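Quick heads-up: structures coming right below.
Below, subunit A partners subunit B and then partners subunit C, in two separate complexes.
Up next, the complex of A and B:
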């Protein structure tokens, strides 16, 4: 019964997001058709959102457990800076890197991301620090390490092969960034909906106490969740490294809040226990389309972007409150 | 209902693929976008004033668009959006040189003209406009100091640090300009150059000590935007108003009181509104297929005789310096 209700609420959410996307697309179609509806624009958007889309997946996973991960950007930057240094070392005088370099940096990035994620997991599970504070602290710590390593400068001058490989398009059509994002999104979807691990973290998010008393190893679950979040964040960092052909301590500082916004907009319950990856992906698409679409209107100041995001977020939360309350009332 | 919506969504996504083919016509109306570091910094609000003014006087579509926050990634994405939109020219004031480089490369690959400002080290540009050459600006500061000093007396120079590239070039040029044009002025031999470390308090203390140590010292040429204002405080405190003088870079509103009270006669700066206009004018020239060589006249004050920086094929330097005095100090909004 309870599960069915959850499903209904989430679907309602999906419905709303789809309505918003369609409404926006129709509006753009009538006002700025040629400037929006062209292949290049869609390819650009598909190459832009994976970096913060990946980070959002991490925030989503932790939020399902009732936590949050505010260290995703710090994690991404630390990983990309370390990998940038490695790439510089591997770049030879002719500006080339050995063929194994790219798989190697991705492998190491996953390891680093996982380590940083485990650190968060330990803070949350073993030290019992509230996730919002634990990850805010670790995020600052990671950014601080970045600053100390780079003294605030950009790390670049590594072989361009890395950037051109990731910025490439498969068959000249699909951006590689989108492929990386899709693989990770499918993996997260699979974990959440087809494995025991997924079921367990939903249970943990619904009621930590109940989960504990029904014999779940909550500490291990939390550590695994933050580890996953760390990995996707690190991959987001690797995409930033390619998109900007450099790494720096303060790249993507606006992404932290943007990710939280996306995840809540996508219908993940901030208290935990509810939320689907499809909602989050729709929210990512909606946000990117809103921003890109708004950039088609020279007269509209970019200040409105923040205004619209804030407005949309509050609207969704208020709608949620009313629909959920109605159900509870009807039930009572 | 949900299925219907999903279908509509799918159709809307597919449409662009079909429409992507038919395009490309010859143009007489260019779309030129100025991308500043951000939209709210007063410096770039002033730039927008210039851009909007330019837009009124031309049949081309010209506008400025900035990100709500100053952030390298946001700026890069905005530029990417504009590339996808198919604008004709982009005039960018980069937040961060490294991260904008690959994006500007994408723009040029898409056939978009790229003009930058304060990005002399960028590679993927058609041209970069700098407000002035270091030599020209140094001489200009000296002219202002000499005017205040009445063309005679002992002076010295102040820089943020002796290792700062542009400040020392300005100071060197100022001294050379004095030797050539103001024979009655002499450089203080004992201390030819002092450091302020880009700090108003240091500038103030150093100046106080200098004036006490060398009673015949009549002027200090400042370079960093903290130098002249700091020196002015020392002049005021030691009661040397109208006996000792300073000039140098300075922001208008921060120093309005100093200028109005006459402790400082003039400060020097460049005007972002004009820099914005110069970028657009150059973009139009490039789009029109005009050859950019020799001395370039953009028809914008201070940018009528741009010259290529020595050894560079992309960096153009103007004479875009301006004097800020008590009459125009409130005209800029920063």
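Up next, the complex of A and C:
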């Protein structure tokens, strides 16, 4: 009975997101049809959202365990800066990089991201620091290292080949960024819904005490979760490196809060134990469409997007309150 | 005596105080400039705005919540106030600007408070959302940009000094702004509020356990609502003071300071889960962050290393307090309940 109700609630959440997306698409169709509905625009959007989309996946994973990862942006920037330095070293006089360079930087980026993630995991699991503080601190630390390395300057002047490869389109149609995002999203989906690991982290998020007493190795689970979050964040950083063709300590600072917004809007419970990747992906798409659509109205300041975004978040939470918390309300 | 010592070591303030002292002495040894009168005055005046913000953040964290919207709230309310006064060509003193800012602050705080107290939504999410809304209102609806000119009353007040400290060696002087009195007043006010009023005790009780507080007869919804109104007011005052001190209104340069403020509060031993923490610790923690941010340059560390130190401080500070909580739990359970009752 309870399970059935839970399922209904999640579906309602998805339904709401879909309604919002469709409503926005219809509105755009009536007002700015030609400027929005063309292939190039959709390709641009698909190339833009993976950078924060990947980071959101990390925040989602940690939030399912009842934690949060505020260090995703710091992690992404640190990775991209280190890899930018590596790329500079590999670039020869003619401005070319050896063919193995791009797989190599991605491999190393994953390693760095994993290391930074493990560090977070250790802080949360072994040192028992509340996740919000641990990742706040480590995020600040990673950003600090970036600042110390670069003195606040942008790191660029590496071969353009990297950016052009990542900005390429498969069959001239699908942006590479989207492919990277899709692979990671599928991986996360598979882990969450088809493996024991996924079931365990939902359990951990539902009740840490119960999980511990039923014999789960909670510490290892947490470390693995933050490791995963670190990896997706690092990949997000690699995409930022390609999109800006440079790396800097303060790129994407707005993404921290934006990722949390996306994840919550996507129906992940901040207390943990609930949430689906499909909701998060819908929320990512909704955000991108809102922002791109709004940019088609030159008279409207693009700053309104933050107003709309915050408003939508609070509205969704209030709607949740009226639909889900009836029991609590009667009590209060 | 032994008991008292034990009590002292089980708290966070002595540690943070020692760390603070160590940092100060280190800076003094390396530079010889730390304890010079003008540097101390500089630090005190740098402390005003973060200190005020920290009082608000502290109260929220003690109540079991977390507020990340106060810089956006303060920015919106000081910008609206300054713009309003400029548009009306206001020439008077500084009292009216503060009253208007406090009014805006209360209104915006009530916005947070409504969702948090009545709808019982998670504070982190609400304040994330509201900070986004406030930013949007300021940059979108008010079309904010840097205001190089601020009303004369505010400008004069920002320049007014309580006293001027002079460095005998270098001859540099620093002014102690009148705004420091506002900070002291807010501190004393918050101290009495938290310690001697039902409202203040209610904040601690709610942070400890909301259900228990409700059962004990605290009016949880009302207390929380008022709390967020008050935090909004304090943040707005801090914002306006910053405008006066900087002699210009820069709409976005306060944004992003929330994390450092929260870090300072938590460093001072305030439990992020709520219910525990002292104003003294909160101020010491904030002071530590302010000193690290302002004085690293005195010992030859480039400012670009600032975040490394802040991050390390947060991790170490929270790690120590987490370790203490764990340790306490262990000794308590091993010695049985008697000790607990005796305390």
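Everything below uses one rule, namely that the second predicted complex is superposed on the first by the 322 of 332 C-alpha atoms of A that agree within 3 Å, B and C clash if a C-alpha of one lies under 4 Å from a C-alpha of the other, contacts with A are read in each partner's own complex, and residues count from 1 in each chain.
Here, a contact is a pair of C-beta atoms (placed from the backbone, for glycine too) under 8 Å apart; a residue touches a chain by one contact, two chains touch by 3 or more.
In this text the structure is predicted, and so the values were computed from the model without any measurement.
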item	value
Contacts of A:314 with subunit B and subunit C, given as first, second, both or neither	second
Contacts of A:270 with subunit B and subunit C, given as first, second, both or neither	second
Touched partner set for A:182, first subunit B, second subunit C, both or neither	neither
Subunit B versus subunit C as contact partner of A:168, first or second or both or neither	neither
Subunit B versus subunit C as contact partner of A:144, first or second or both or neither	second
First, second, both or neither for A:244, with subunit B first and subunit C second	first
Contacts of A:38 with subunit B and subunit C, given as first, second, both or neither	first
Touching partner for A:207 - first (subunit B), second (subunit C), both, neither	neither
Touching partner for A:15 - first (subunit B), second (subunit C), both, neither	first
Footprint overlap on subunit A, where subunit B in one structure and subunit C in the other make contact	253, 301, 303, 305-306
Subunit A contact footprint on subunit C (complex, rising order)	66, 68, 115, 119-122, 124-126, 128-137, 139-141, 143, 221, 256, 259, 262-263, 266, 272-273, 302, 304-315, 318-319, 322-323, 325-326
Contact set on subunit B toward subunit A in their complex	1-2, 5-6, 8-9, 12-13, 15-17, 19-20, 23, 33, 39-40, 61, 63, 65-69, 71-74, 76-78, 80-86, 96-99, 101-103, 110
List of subunit A residues in touch with subunit C within their complex	123, 127-130, 132-134, 136-145, 147-148, 150-152, 253, 257, 260-261, 264, 270-271, 301, 303-311, 313-314, 317-318, 321, 325, 328, 332
Subunit A residues within the subunit B interface of the complex	11, 14-15, 18-19, 21-22, 25-26, 29, 34-45, 47-48, 51, 154, 156, 163, 167, 240, 243-246, 248, 250-255, 291-292, 295-296, 298, 301-303, 305-306
